[in-house]
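Below you'll find the structures, each written out as structure tokens.
Two complexes come next, and they have one chain in common, chain A, joined by chain B in the first and chain C in the second.
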Partner chain A sequence: MSIYTLGIDIGSTASKCVMLKDGRDIVSKSLIAVGAGTSGPQRAIAQVLESAGMKREDMDYVLATGYGRNSLEGVADHQMSELSCHGKGAAFLFPEVHTVIDIGGQDVKVLQVENGVMTNFVMNDKCAAGTGRFLDVMARVLEVKVEDLGTLGAQSTKYVGISSTCTVFAESEVISQLAMDTDKRDIINGIHKSVASRVAGLAHRVGIRDQVVMTGGVAQNTGVVKALEEALGHTIHTSPLTQYNGALGAALFGYQRYLKEHQA
Partner chain B sequence: MAKAVSPGVQALRKVVDDVYADARKAKAEGKLVGWSSSKFPCELAEAFDLNVMYPENQAAGIAANRDGEIMCQAAEDLGYDNDICGYARISLAYAAGKRASRKFDPETLEYIIDPKSGKPLKDADGKVVIDPETGKPKKDPKTMQPYTVLDDIYEIEALPETTEKERAYKNFRREAIKPYRQMRMPQPDFVLCCNNICNCMTKWYENIARMRNIPLIMIDIPYNNTVEVHDTNVAYVRAQFDAAIKQLEEITGKKFDEKKFEQACANANRTAQAWLRVCDYLQYKPAPYSGFDLFNHMADVVTARGKVAAAEAFELLEKDLAEQVKTGATTTPFPEQYRVMFEGIPCWPKLPNLFKPLKANGVNVTAVVYAPAFGFVYDDLDGMCRAYYKAPNSVCIEQGVDWREGICRANKVDGVLVHYNRSCKPWSGYMAEMQRRFTADLGVPCAGFDGDQADPRNFNEAQYETRVQGLVEAMEANKAAKEAAAK
Partner chain C sequence: MSIDVLLKEFQEVSEHPYKVLSQYKAEGKKVIGVLPYYAPEELVIAAGMVPMGIWGSNKKTIALAKEYCATFYCTIAQLALEMLLDGTMDQLDGIITPTICDTLRPMSQNIRVAMGDKLPCIFLAHPQYRRPAFGMQFTVDQYTNVKKELEKIAGAEITDEALRGAIKTMNASRAARREFVKLAGQHPEAVSAVLRSAVLRSAWFMEKAEHTAKLQQLNAELAALPASNWKGKKVLTSGIICDNPKLLQIFDDNGIAIAADDVAQESRLIRVDAAETGDPMMALAQMYADQDYDVLLFDEKSSENRRADYVVKQVKESGAQGLILFMQQFCDPEEMEYPYLKKALDAAGIPHVKLGVDQQMRDFGQASTAIQAFADVL
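Take a look at the complex of A and B:
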């Protein structure tokens, strides 16, 4: 009989679920673009179960992670930090991984992974610079969609430095560039380099070893990935499942815990 | 029921209570009272029988009593930037006469209770009583407190007292100031500053001296780039000790009493030795107490290390600990699963929040850098100069790493939790590199979190909990890997 585990990752800006069969096959997944403290978690859970045609009771183990992990009392069997879950998810997708860079809505984390397990980490301090929120703010000022930033930045022909490391001040820097008629694509490229420089500083603190894997929503932005590759001097691997990586790790840990509890 | 406290801990508490009580008494008798930085050579003040109070200890107490924010804001309103150390802001506001006080109605002279304050009411079985109307826990009226407001002692003293009503109002306003000892510390007649513990201290004490128009005795200890304290460094400090003695003679009108000085040095050495032995008990597995207890005992090392009572109290605690080790008893209220070094000053206003995830995960703090940083022992005056040259923020990174890695090894830690303290830039600045070295040299994971020693606005509980959980998971993985390798 198959074992079904559900991983739920409630982030600050999105709720993600991944359902796994036997700790190996992804049965279904869901993503709702609002996170902790909203209807997002319940909707994401309902969606992932519905698309698999299953119920909560059919799940052998449910593990919650992310900023809102402790808000799922009665739903989740266990909670773990998103740090371990991102390490686990990345190691499932890229077995040779040693460094995971996760840029989420409000935090940046760099994980050291050994044999698929997180052994050390660093996170950003209380500052939104370099996070997904930073890019959201910039996209709004530039009147472009956040998902178009990567494509637009790739068309840049001129270097424009965004020097500030503070989201609020960087925003005013971008506004003054716009006032000077600077090409939006060059500004976007400058923003990507600014994010990369901030994240690279953090990554150097924990140490960078190949393979380097980037997860979280910002990994979908090819401009940030490229700028980060240049800043680090390492190839960065990403997956189409990047946004689901934390939930995937949670489902994998859920499977491990289920086996351990039932063996015992 | 109150937690049982050992005789040693009781004695240590009394020592600090006495320091504050004696200073209040001295002030009332018209004697001179001073304020001193924590690592100023207290032996000099002891030689003149001076009553000295410690603003760092006071600020920690004010912060732990949840009045850090109102006092920090008061300092900011006086023009001090909120990037300045929280202890300094609290102390500067206090020196300016600002006090955390209880709100009252000026007509009825009755306190105005804050409905949000207080602890949940519990029934005879210890269960929380739920209010059937609101569905929320009922509050224990005995624990409810008035709103906290800011007051100013100089404003109070300037109030008229011609009528009976005016006198009653003035007296009530005096009474309304929070009654705990740190909020009732006498104003200083002189200040003693040694900037070995931090550089912000220099301007902090200069400001107090200027604000109160009182003498300042400054002993400057430059940051030391080498592990060794060279003879030229010693000569520089020795000359300042001589100048400080001269200044103290002028302030007190007394001659320097060499015998009293020697006795104070002997006491300080005895206290330091007992302190170190107490710290060493954290090497036991499980530890008989927690590093968080050590933070509390720090008050004695700071405020009374030159007094024989402090040495005796630590020696008594040592005996208690020896007994505890024999029976396997510990003050840590949970089974010790992991042992960590806690790096930095705790977030005093958020101590319960700091402790909660540690307790939930069985993490005991068994190492803190204060052990070697305050356990200094010396033989002569030059040795004393060398000892005061070594404080957590005046030593080079090699010395700092060596201190910490030494206690991490001896106290067998599984990980390191680093407080990136917004109040303490010199301490936090080099922690990123130290963290890297701890992992490389000790093979243990480290986690850092943002916070503040006194200003609660700089601490985020959710962020802290994630980092602690991450650290626990990394320690678990590390342990499993080591066990697998051993097989």
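Take a look at the complex of A and C:
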């Protein structure tokens, strides 16, 4: 009989679920673009169950992670930090991984992974610079969609320096550049380099070893990935499942815990 | 009295220092506020007054102090000023303002200007060359100034005999606290991280002899417990201060015990004692000279990284599996020392995590994630 585990990752800006069969096959997944403290988690759970045609009771183990992981009492069997889950998910997708860079809505995390297990990590301080929120703020000022940033930045022809110290100051810089009629595409490229320099500084604290894998929503932005590759001097691997990586790790841990509890 | 009852009593004091201050005043006692670090509380006790430590606040918001301080100013210092300005400390009879870091030095002047004639402010400048004879003499001279000012407030002279008695009182307090740190590390099931902090924090507010008597009772109860069978993790904490119950609750929620600490408010300031015989002023100066392994103190052999090696030794001897560093924002001495600490920890294979904290933080979501992940790494 198959074992079904559900990983729920409630981030600060999105809720993600991954359902696994036997700790190996992805049965279904869901993503709602609002996170902790919203209807997002419940909607994401309802969606992932519905698309698999299953109920909560059919799940052998449910494990929650992410910023809102403590809000699922009664739904989840256990909760774990998203750092551990991102390490686990990345090692499932890329067995040779040694470094995971996760840029989420309000956090940047860099993980060191050995044999699929997280051995060290660093997080950003309480500051939005270099996070997904930073890109959201900039996209709003530039009147472009956040998902178009990568494509637009790739068309840049001129370097424009944007500060990596503070989101608020960087926003003022972008407004000044707009006032000077600087090409938006060049500004976007500058923003990507700004994020990359911030994240690279953090990454160097734990050390970078190949394979380097980037997870989290920002990994979908090809401009940031490219700028980060240049800043680190390493190839960065991403997956189409990048946003689901934390939930995937949670489902994998759920499977492990289920086996452990039922062997005991 | 049971362990739980004693712990609750310490917690009550730790959470309500204002009530304690009001009680002392109602009893007709004079109370002297003591800012960090290394102020000789012995002199206050010898003058027949009560020293009360001022370590900022986890509950107040900085508003009035902003008139005096830049935004990046240490929140412990800002909140001390805030409480002086908003009337919380109106009952104090005086305040000692040590100046051993670059934040406290100007803060001593901010406090003096802000208080005007309202509150006697006693300036105290410790020497960084604390060990040579001229440094010792400088400390004695400084302490003599403090003594004179305290005598004015008390309206009585501080005799050598009274000072020797106060040294005994403080030595007993420090010894009981050191013993408690050891016992709490050995019996984490009995003393949660939240309550451990409350016991050590309350020592800054209660009359020392009363605190010591109660703590000796608690220590005796803890020592009588059977050997611990702790299944969780153990860490050493480091930093200036780590006394926010919400932050410490994260330790308890994740089964992380504090094996020992390198925290200024807890153990850093109680590592050495003063001689109970001989010239008591010289004994206090010698005690300051004997202080070591502190980011705030000059180290003649700084190239040897002695402090970081000491912390590594503390981790190993306490049975901790890792270190959690609470980096007070924006504390220059701690920030500048961190690379050396990191180097020594990495070389010894001791995992650590650094968390930026300040006393205006009300949400610890990010710290919770990092601490929980750290427990997974250990």
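Going forward, the second predicted complex is superposed on the first by the 263 of 264 C-alpha atoms of A that agree within 3 Å, B and C clash if a C-alpha of one lies under 4 Å from a C-alpha of the other, contacts with A are read in each partner's own complex, and residues count from 1 in each chain.
The rule is simple: a residue touches a chain if its C-beta (ideal position, glycine included) is under 8 Å from a C-beta of that chain, and two chains touch if they have at least 3 such contacts.
Note that the structure is predicted; figures quoted are calculated from it, not measured.
Chemist: When the two structures are superposed on chain A, do chain B and chain C clash or fit side by side?
Modeler: Clash.
Chemist: Just chain B (first), just chain C (second), both, or neither: which does A:M80 touch?
Modeler: both
Chemist: In the superposed arrangement, does chain B or chain C reach more residues of chain A?
Modeler: Comparing touch counts on chain A for chain B and chain C gives B.
Chemist: For A:D9 in the superposed arrangement: first (chain B), second (chain C), both or neither?
Modeler: Touch partners of A:D9: none, neither chain B nor chain C.
Chemist: Answer with first, second, both or neither: which of chain B and chain C does A:D102 touch in the superposed model?
Modeler: A:D102 sits against neither chain B nor chain C.
Chemist: Looking at the overlay, does A:N115 come into contact with chain B only (first), chain C only (second), both, or neither?
Modeler: So A:N115 only meets chain B here.
Chemist: Touching A:D125, do we find chain B (first), chain C (second), both, or neither?
Modeler: both
Chemist: Just to be sure I read the superposition right, which of the two partners does A:Y67 touch: chain B = first, chain C = second, or both, or neither?
Modeler: both
Chemist: Would you mind listing the overlap between the chain B footprint and the chain C footprint on chain A?
Modeler: Residues 67, 80-84, 107, 118-123, 125-126, which sit in both footprints.
Chemist: Which residues, counting only chain A, touch chain B once they are in their complex?
Modeler: 67, 80-84, 107, 114-115, 117-123, 125-126, 205, 207
Chemist: Flag every residue of chain A that touches chain C in the complex, lowest number first.
Modeler: Going by the criterion above, the answer is residues 67, 80-84, 107, 118-123, 125-126.
Chemist: Any idea which chain B residues touch chain A in the complex?
Modeler: Checking each residue of chain B against chain A gives 420, 432, 435-436, 439, 445-448, 450, 458, 460, 462-463, 466-467, 469-470, 473-474, 477-478, 480-481.
Chemist: In their complex, what parts of chain C are in touch with chain A?
Modeler: 329, 351, 353-354, 356, 361, 365-366, 369-370, 372-374, 376-377
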